[in-house]
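By letter and in written order, the chains are A, B, C, D, E and F; residue numbering begins at 1 in each of them.
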């Protein structure tokens, strides 16, 4: 039995709120249960140096947690003067994942910066960030299309992400903190709307896992991400 | 005429939402119109080194802005590796102001850390932070009383803050961004619930001001802060 | 009775020594009693990026204290790898205040950098820095005029600064360290030579203050700054 | 056909040289073809603060590349003043992976620090680091046993790691730089000597991959790691 | 002929002013012609960790230049967030040199920190710092003796330093900036009052030098340092 | 008797291995006995800003130690976020010394960066770095000549370096760690192939030394460097 009383293959309540703040070209509050992340997408009409003159655009991401988004207060990274290894690992994952959503040639020499800031953490902040970030990215692209800064829509596909894990020997979908902190294996999966993999990261926190368990977790993730993509399409008016 | 159509002595819509997030001992969303700040108060059962063994507690504050809380995206301070001078100036002001709310002896050797994170900026983020932070502080003190970590209530007084300024030659209350960015003088005032000053900071951004104008602005601030304290008391159930 | 035996409205001995060091375009040793600050003004024939092509110039300031300018040795900020919040707050104040002295259009695309380095501290280092820095700025402008780098004098007005405070319940002028460290309220006031305000910063360190006390302190500051401006004019040969 | 003429399931030449340098308790030069990494294991008779008094030990890792280990010179991280996100991501992976080799209780309150420094890079530096680091770790444990600092051998299992990927549509084992830089998918797999997973990280650099391809890559990795574990056992005299 | 019209073996005007500032236990303004350095010595009743419990004391030094101590303004190291290699090289030299002045056992577990801050630079700032720092150190030791924190005088010998160099093919003593910036060889020599070497650092900036030239420079340095030690003794009342 | 049984004027076994790694234009493993340093020379077709348009090139150096190159593990500088004063002092020395090898005009606007990374330390790492770095520099110049990026050979002379010192009252050549850590005086000497000085740095670690001892050490260094230059010429095929 899961602490949250959910079924093994049941997502938490998922909410995606567009136009959450007023300044950003894309701005989404994503909620996976009690996990709440503000994802903004900001458009810049330039590209990093390695792309200057290439005709291609870029997508990059930054991630942060409010100091008291967690059960006990974490030091503020801006005050400590550097981002933790965990933060860097996560924002690299978000950036890689969301670059898969776009055709960079069609984006032209524009950069879209995703900022994913965790307001309240209860497990799965990186998967919520990717899922909500994709919607913010979509809105930023719409902004570029509306002002005719680009001619053709560069969106190739929606990207969703969810965590799966082995909890008390059983594969479960979308771990919350109570599960995540005691799980044997924690796996973050990123997929496109066609159900194909963009990224798989599975860590045996405690012990190890075999190919069959890997398969079971992968299957759960596929089911969960398919549901997340439906949520994305609903909120974007694509369904 | 003000861009927002407000009267010269009229505050923006003020909202204080308690228990905004679930982990912090005090957690408040404060809104001054479109300016939105999450203020959390975290309790630590220890004090900075200079107070060890003194029997007294401490209150300190940190301030941050989400990168896209503003019209154009600002670099993330955690990524740049240091907090700006503006950030440090503001968090020092918030800390000083809220220390005036408490009797540090009655707080005992506990520290309350305020985190004020701006979700959306439209002028007056520091005054909103102080006003909302005071409510979060109040809730954190209630937490300490409820768990009997302290015996006597250390709250001496509520603290509120508002900006005033000379806008097109006329004193106005609670400047929003449209006013603030073109005002001749910008003054931030912090007062206690008895209407006495804790801090006054007035800067002639453009030109200078005389003693009479100073008086006019001060009078406006007194009116505004009195109204803010009423809001604080309402949300805290003290009225 | 003040520890220094001064009258309530009496400044400390004020000395302004021009050409204190030989390399800078403006170089002043300012002494407010035992507080001694070297203020140098350096001319650069360029402006920060946000002013490129605007035709306007800029004034900026940096502040530092020698490690043993104080009663107990402070860590060297260069060795710690960052400037403290207090340092940043002060140098922002100095820069803002001295920008009020100049017409930036007449300065052309030149930058004047003020460096205020405290050799010996006894209270009031920021007000001494502004007062002495204004004289160094004046000399740097003279340098630009003499080499015909600018055609018209951009000096609009002299700027002076002094601290006032409530000490043992009484308003006093120009607090030294013995007073400053125990004062109830500490207020730094910056004015132009016409006696109008550029900046007012008043902090209740201990308790609070009311509008009448604010008025009394302001009046003292006006008297003190008027005397400081006379000193500036004397040393600059304007009287 | 692979650029290196290897079979699809063929590892590069693997060499593990123990006692490569003289100071460290464990010191291994690991070579995966032209990729060369010095792995040292250093014993410290203490543990990080969060383990003080727990009776348990710890394993941690740091990773670096010599500036000219790569085709074009990279900036030295020590000179830039911070480690890149990539470096942090890799050293977190190495540390997590090698902690799986030990029973931390049996290690007692000792810490083993792995330093993996890339002398020459040709793809797969992180998997070489884990594979070589495990041998260095083994030697450091032997050192502790020999000096009777611990009573019982804490080694639970050997850990090996290899990369696999989709190269021109075909799954290949142990990618070198020529393959890695153009692969569609790059997957790093960490397994124990029983062939069970410790970590799986698969990234679609270009496009995406499906569950069948995931399976094929996983199978290749299992074959490769089994061979690497044989190499480890040979050099450790366990076969 | 030297630009300053000095004889080849002639020092600049040397001034040592004790009690230059009021807070430090030792405080000296040292002038080698136009080079002016404030040297303060601060006493701390503790030692670095590696000396705890050893019964021995320590002497350490820090060095800085005011931004406009030089012909063109240098960036402030505190603002850049790190000390330059040159600064570190110099402060290490000053610390090593002045440790030779004391018997660390007799100093007991006390630390004396020298701060050498260049007010105006005209060549030879490191040699002036050592020469002036030694007098400040002497005064700090007197302070410890006067308050009976140590029983026996730990001063072993006075230490002086001067630069010599090959200027236009001729060995000269005590180079000023005009000479230093065009010299073929620049050598800094540190000696004790007995005329024996503590440190010799000679760099061929331009070309090279042979053993005979080395001898000539060394002989000049011996003469110069003997004169500097007389100055130190005079100002300390030892002659 | 020396701990290593060497004669007083005997170098350790010296080995210079060219083409040690495959990517750098020059790559040398230098061994002075158990001291092992990888020296790579990287060519960049640009110069630092202060040389842009001058027609001259530049040589610069960076130095690092692997964390466990030493008897006890040192913190990694990249993780600490800054290079130590010792590191900076050494890399400045290497750069200065090797710039003496080249005619910068003939190098044209190219930069050669030397990276000296200590794999195993046993005393004399900086002198080994200079001696090995010179060979790597030579190979990088050959690379530029071979690809006709420069027309004329800019090598003026080979540069070698060795340490000498007073060990138990006797001058000895090429100190290893056992000697270096207890020597009274430690001197690093850099010479060109003509036996003339480029740099002399002699520090009395313990006590002092006189002119005669200086002469004796210098003579030993001349003998040792002459032998090192023969080694350089042999490995470069110049003998």
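A few comments on the model shown:
To be clear about the criterion, contacts are C-beta pairs under 8 Å (C-beta built on N, C-alpha and C of every residue); 3 or more make two chains touch, one makes a residue touch a chain.
Please read these numbers as outputs of a predicted model, since none were measured by experiment.
The minimum number of touch steps linking chain A to chain F comes to 2.
With contact taken as defined at the outset, chain D and chain E are each touched by F.
Distance from chain F peaks, on a Cα-centroid basis, for B. Bringing chain B onto chain E by least-squares fit of CA atoms involves turning it by 120°, to the nearest 5.
When chain centres are set by their Cα atoms, the one at the greatest distance from chain A is E.
In terms of their C-alpha centroids, the spacing between chain B and chain D amounts to 50 Å.
The mean-CA centres of chain A and chain B are about 33 angstrom from one another, to the nearest whole unit.
Shown for chain E are the residues in touch with two or more other chains, namely 81-82. Around the ring, proceeding from chain A in the sense that reaches chain D first, the chains are ordered A, D, F, E, C, B. Against chain D, in their complex, chain F makes its touches with residues 21-24, 27, 34, 36, 38, 40, 42, 44, 62, 64, 66-71, 73, 76-79, 81-83, 87, 113, 115, 117, 119-121.
Taken together, the chain F residues at the contact with chain E in this complex read 82, 84-86, 88-89, 91-92, 96, 100, 187, 191-192, 194-204, 208-211, 214-215, 218, 222.
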